[in-house]
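The chains carry the letters A, B, C, D and E, assigned in the order they are written, with residues numbered from 1 in each.
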Amino acid sequence: MSKTDHGVGGLTYDKSKKGWPNEVNIFAALILIILIFEALGQFLPYMNDQSFLFDTNGRFDTIFNEARLKIIILQVAIIGIISLGVTQVIISGGIDLSSGPLVGAAAMIVMSFAQTELVNGNPNPKAVFGDWAFDLPVIVPVIVGLCFGAFIGAINGSLIAFTRIPPFIATLGMFLICRGIAQWWTKGQPVSFPTESFAALGSGMMPVVWFALLAVLFHLVLRYTLYGKHTYAIGSNEDAARMSGINVKRHKVLVYMIASMLAAFAAIILSSKNLTAQTGMGQFYELFAIAMAVIGGVSLTGGRGSIIGTVLGAMVFGVIQSGFTYIKLDAFYQLMAMGAIIISAVVLDQWRQQRGSSRN
Amino acid sequence: MTELGNIILETRDLTKHYGGVHALEGADFTLRKGEHVAIMGDNGAGKSTFVRQITGVEQKTRGDIIFDGKPVNFTGPLDAREAGIEAVFQTLALADHLDVPDNLFLGREKTKWNWLGPFRRLDYKSMREDTLEALQKTGVKIPNIRNTIQNMSGGQRQCVAIARTATFHSKLTIMDEPTAALGVQETAQVENIIRTLKEQGEPLILISHNMRQVFDLMDRVVVFRRGRICANLDIRNEDITGEDVVAYITGAKTQPEYEDAA
Amino acid sequence: ETIGVSIARFDDNFLTVMRNGMEDYAGGIDGVDLQVEDAVDDVAKQLDQINNFIASGVDAIIVNAVDTSATEAMSQAAASANVPLVYVNREPVNVDTLPDNQAFVASNEIESGTLAAFEACKMLRAAGHAGGAKGYMLMGQLSNQAAVQRSKDVEDVIGMDMCNFITLIDKQTAEWSRDKAQDLMTNWLSSGEEFQVVFANNDEMAIGAIQAMKASGVSMEDVVVVGVDATQDALVAMQAGDLDATVFQDAAGQGQGSVDAALSLARGEDVEQKVYIPFKLVTPANIDDFLSKN
Amino acid sequence: MSKTDHGVGGLTYDKSKKGWPNEVNIFAALILIILIFEALGQFLPYMNDQSFLFDTNGRFDTIFNEARLKIIILQVAIIGIISLGVTQVIISGGIDLSSGPLVGAAAMIVMSFAQTELVNGNPNPKAVFGDWAFDLPVIVPVIVGLCFGAFIGAINGSLIAFTRIPPFIATLGMFLICRGIAQWWTKGQPVSFPTESFAALGSGMMPVVWFALLAVLFHLVLRYTLYGKHTYAIGSNEDAARMSGINVKRHKVLVYMIASMLAAFAAIILSSKNLTAQTGMGQFYELFAIAMAVIGGVSLTGGRGSIIGTVLGAMVFGVIQSGFTYIKLDAFYQLMAMGAIIISAVVLDQWRQQRGSSRN
Amino acid sequence: MTELGNIILETRDLTKHYGGVHALEGADFTLRKGEHVAIMGDNGAGKSTFVRQITGVEQKTRGDIIFDGKPVNFTGPLDAREAGIEAVFQTLALADHLDVPDNLFLGREKTKWNWLGPFRRLDYKSMREDTLEALQKTGVKIPNIRNTIQNMSGGQRQCVAIARTATFHSKLTIMDEPTAALGVQETAQVENIIRTLKEQGEPLILISHNMRQVFDLMDRVVVFRRGRICANLDIRNEDITGEDVVAYITGAKTQPEYEDAA
């Protein structure tokens, strides 16, 4: 019954057998998938001994194939940013289906405040507003976008917190509303030709930089702040959180606002990267953002998960997508293989977890 | 019993119906400052329902609650806690995926850098230390407090919930069957905690089925039967035995003031 | 008069231009109301929309078919309620057996992919690649007929004697989207294989591919990129010398034609039952003719 | 303490205040929505005093607008059939995202066994197989479709039951796999021109007939059979169900199989109704099927809901869709209004439920 | 104690580790036919863990279980129940959204039209009648048995779980703190149920913190401490007092056979 660092006595407690953190599994799965692609590259007859990650053609100065490493992260950075928010929503016991359509709507709105006046010397053929909206400082579209995200998130959160309807329904409704907004904004016309300073936000590897910065920020927030602790507590047992005096309603509104602002920020980066905004942008992003989080170990029943896991989950998607192009898999097989890999990744993780505490 | 200013909690005609079930009917209850009162009664007699109305966990059907001299209308448990009521609920209210310190400090975490608002930093180290101390008081043994609550035994969970209430000072403490799942030693420790509260003059409502415990610790027993209060027994001063209380519980006896509580 | 319109997909840029063409045109005629609905690429939903129009008693219906092989059921539904029906943009399978008060104003999708691919073939020959050229193809959603057809057109063209020097390294779907096309192209570039041509099922994907190539430092002089649709963004890219060919389809014109046909049928007038609107190839040589059109 | 029909004594129990069943709310919401549309028809200036449900133009023999009544149900009958299965899955504590893509895949497969040889006297231009697959008896495609559904459902169910991955992930994986199968089957080409007997399955009001029959059947099954009781028990508390000796794993497989077979049956009716099958069929059906169930009072946390509720939920969608066309709402506003109505319907329902037992 | 054929349950070296937590270490335990044994011990001593291993709710880390003469390896609670073990778990295992009869008959519903397989019809009426009868035995009061379990009080829930176990005959009954949440009357009734089982010769394992209850009802007490068995006391025949048992629980005493269980 001696006072130790980790407990107040009782049973024998063997600290060395604590079991490694969940994230290690996902990392292992990631490595496994990479190895499989490397192996396929070696054995498939039509691959001419190419390597997946290494530079066999001597095109770069490093031993790695830099272009591949970059695209692996680049192509998931934007959904990854959304996934950071979705992770928080899911940990709090909710779900957000509206993030995909929100990207579409936010992109349309943002881009119409980021247009430039002259394109190749001609007047901008896609102008949404009058002259006043041309060549605005880059901060304007960014603020507009974040405010729009905050607004949608506040509605989501308030509906869920105050009327207590299931998050699935609130955000499904918002899904439809955001699609409506996206199409209504310009009656379906794409919005293009942004200013150079706006285009710089998402050009090159900038999406990856944003993703990394935001991931670190929210890792710290979830792990070390009151906001993080309350998010886990609410997801773990909402009644308990309420009875313990946490302001559950206000907290939920905050969580959904942060998630929607992250999605709106993703829309800013996405439209900047593509130099255009279209109503259909962001389709299925909500599903992939959720899938990344879940592959990363976030539990859909709430209370469990981490940003590190989600980032690794995003990497799994990046590797898979690059890998498929690398081995030149047909589109239909890609879909099937993607489905199979998502399932296997989670099965693997589940299986490892169960070994620890093997209730049946 | 009606000296004004001396009463910490009073309910008048407090009533709760769940659809057609009349779980609590016209409860008139008073608690003086520093007094320790037991609530006893059959299973399903409405004891926990009574507690849920006082703590704002549910909205009452009708009646008034006067706490610390002011009529109150708690819209949620947050209000009640802010007013100074601490409760150990029968359902414990613990977050399954969090560890012991997190649960103990749930809703009033120790933080640093408070200018960061909701994003202020948690002071894990200090919470961990305080947790070990608080747990010592309940006498429970927990091999690893970093383990999540879902992996704790029934008694360990209960001790965490009790430690939480005992750690923070309050104007009124309510415990709903706190020792139900506890072992012999742990029960003794929790009874010590209750004695300490008595010495400090903090009022307490204890729900318990344990006659010995009630007679050892409490000043007064209020008996619930079929959703109504049927007896108010001053066990410190009057000559009342356990058999008497059982008679009230089973309905063999009813105090004259409460005759309509057939 | 009220005309019910069911469009295959609101998210499609080309169809948006067509839709806006219809609305602008109908808005200029007194007493004509358009009720436009989005079939979100769902055949069944489109059929339901037609039945809803019938229940609301519209005077005529215009359909931009999600799936041209599903038009049989639509024709039946309209005919049995005696409501005139006009197909627009996509040629229905039952084109030869249309009832009297039905018509279509459409283009032949086979032309679009073929025109672009053949132009690319000619450009490659002109650039001296007749001895062999490699390329990639970006396809639209495989659940979409235009994507399937345009991809097949490209394969048919490079199967011809004159163009069989072209081989496809890989073909993948980028789901009509510029973003997916960027990522896909970057993935291809990371394998480091040389290529001379990029076929895209639409302009958006062509632009995405161009953006990816430019970001990786590929010179747009050396690669032939062709798309379909002649959108504003594409024409701008062509002016900048990035896009080499695209195909123009008179979206607004088709929209207007379909409204005219629907109104005539509703008033019991005679109309031509089949109106073909041809595709036109757009290259830097004739780009000025199209700048103000789509 | 007298022995009564409803309890063993204790508190006063006032049977008359029992509170009406949940379904009554949804029915009330349905009526409310219809009344709103009727009112809009009267008050909107451009509507010329049209009526939503009544025949004001004398186009039919009855006082109702028959065409409207028919299409209201007809347009939701097929998703409704899927929703019957989804309802069971959700009650059992799961979710099925794969039903939409399963419809697409099943339709493709079914239709290729239902093709006719001659179309207007010419050989079938969309033939998938050789001569042997033409003009098969109608039972062949139906059986093939149901078997395919059962197969997919068995995989879903087994993954969820045996590997214990979250249903969201298992069926999201299957979502991608089924989309892959649909596209791979004919490399994206639509399949058309079925035999007359196959076309009869879904022609006219047949979808409604099937929907009604299946709804009655599964209403009885969920309410009065062992299967139903165990479905509720597992959704309510899976651990309790397991400890009570219910074979939870086998039961889950059964639930998912039934759900997928219903989706496959919906695909049969859908392709028959449209006389064609194409890979994109069924897009978003999974979301609407879930929304119907939830509007009908099925709880996404499992254990609560009913087929009657789901049928009413389906009717809400039918009325909304028809109503929008009736008041000539623009497509973007339709999306927004649909989102708003879904949310409001559930808010209304939630609000009514909370009045009964008003925990905060 | 080792007469072969006379033993209904035996465990050898039964052990369960949760990660680094050694919740149960080398438990050797025997139960004879018709014998009623109590398991006592501190909170977190591993009592419930022991029960979860025997009933197949969890998979043991190592050790053997011999039930009714045969070594068994239950892969789930279904197996254990089919073998004839009935248990009231500390967590009760009730389905929150179902009503009382549904919970009572969960997993062995009365049905009609059995040729319909999984789709056979439930016999609601007969289950309802049997439920009222079973509840009378526990003495609990429930105003409306059609109400869902989530709306029942703690004691009502516990009584439903006990009624479930008591209604069906079994080769071995296990109760994990069955009377923890029960009132005075209900506790007496449940103790009667246990007496009836004793008369019928059905063996029982009772986990309880209630010394009086154990001495009133049981033949033998097995004490757990820190995951190990530390005493095996024949309270019917030997001269053992409550204080002795407490001494074993707290660690003041350890039986010589179990010395290694420091």
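One rule holds in what follows: contacts are C-beta pairs under 8 Å (C-beta built on N, C-alpha and C of every residue); 3 or more make two chains touch, one makes a residue touch a chain.
Note that the structure is predicted; figures quoted are calculated from it, not measured.
Among the remaining chains, E is positioned farthest from chain A, on the basis of C-alpha centroids.
The chain with its CA mean position farthest from that of chain B is C.
Centre-to-centre separation between chain C and chain E, using Cα means, comes to 71 Å. Chain B and chain E have Cα centroids separated by 29 Å. Mean C-alpha positions place chain A and chain E at a centre distance of 48 Å.
Distance between chain centres (mean CA atoms), chain A to chain C: 32 Å. Chain contacts: chain B has residues 18, 20-21, 42, 44-45, 57, 76-77, 91, 140-144, 151, 226 touching two or more partner chains.
In chain C, the positions touching at least two other chains are 10, 38, 142.
In chain D, 10-13, 15, 179, 183, 187, 242, 330-332, 334-335, 357, 360 are the positions where the chain touches two or more neighbouring chains simultaneously. Of all the residues in chain B, the ones that touch chain E in their complex are 18, 20-21, 40-45, 47-49, 90-91, 140-144, 147, 151-156, 158-159, 177, 180-187, 209, 211, 226, 246, 249-250.
Here chain D touches chain E in the complex through residues 1, 3, 6-13, 15, 221, 224-230, 232-233, 235-237, 239-247, 251, 254, 303-304, 357, going by the rule given at the top. Interface of chain B with chain A (complex): residues 55, 57, 76-78, 81-82, 87, 89, 91-98, 102, 106-109, 111, 116, 118-122, 132, 135-136, 140-146, 151, 164. Those residues of chain A whose C-beta lies close enough to touch chain D in the complex are 97, 159, 163-166, 168-170, 172-177, 179-181, 183-184, 187, 242, 287, 290-291, 294-295, 299-301, 330-340, 342-343, 346-347, 350-351, 354, 360. Note for the complex: chain A touches chain C at residues 50, 57, 59, 65, 67-68, 70-71, 74-75, 78, 119-120, 125-126, 183, 187-190, 192-193, 203-204, 270, 273-276, 278-281, 283, 321-322, 325-326, 328, 331-332, 334.
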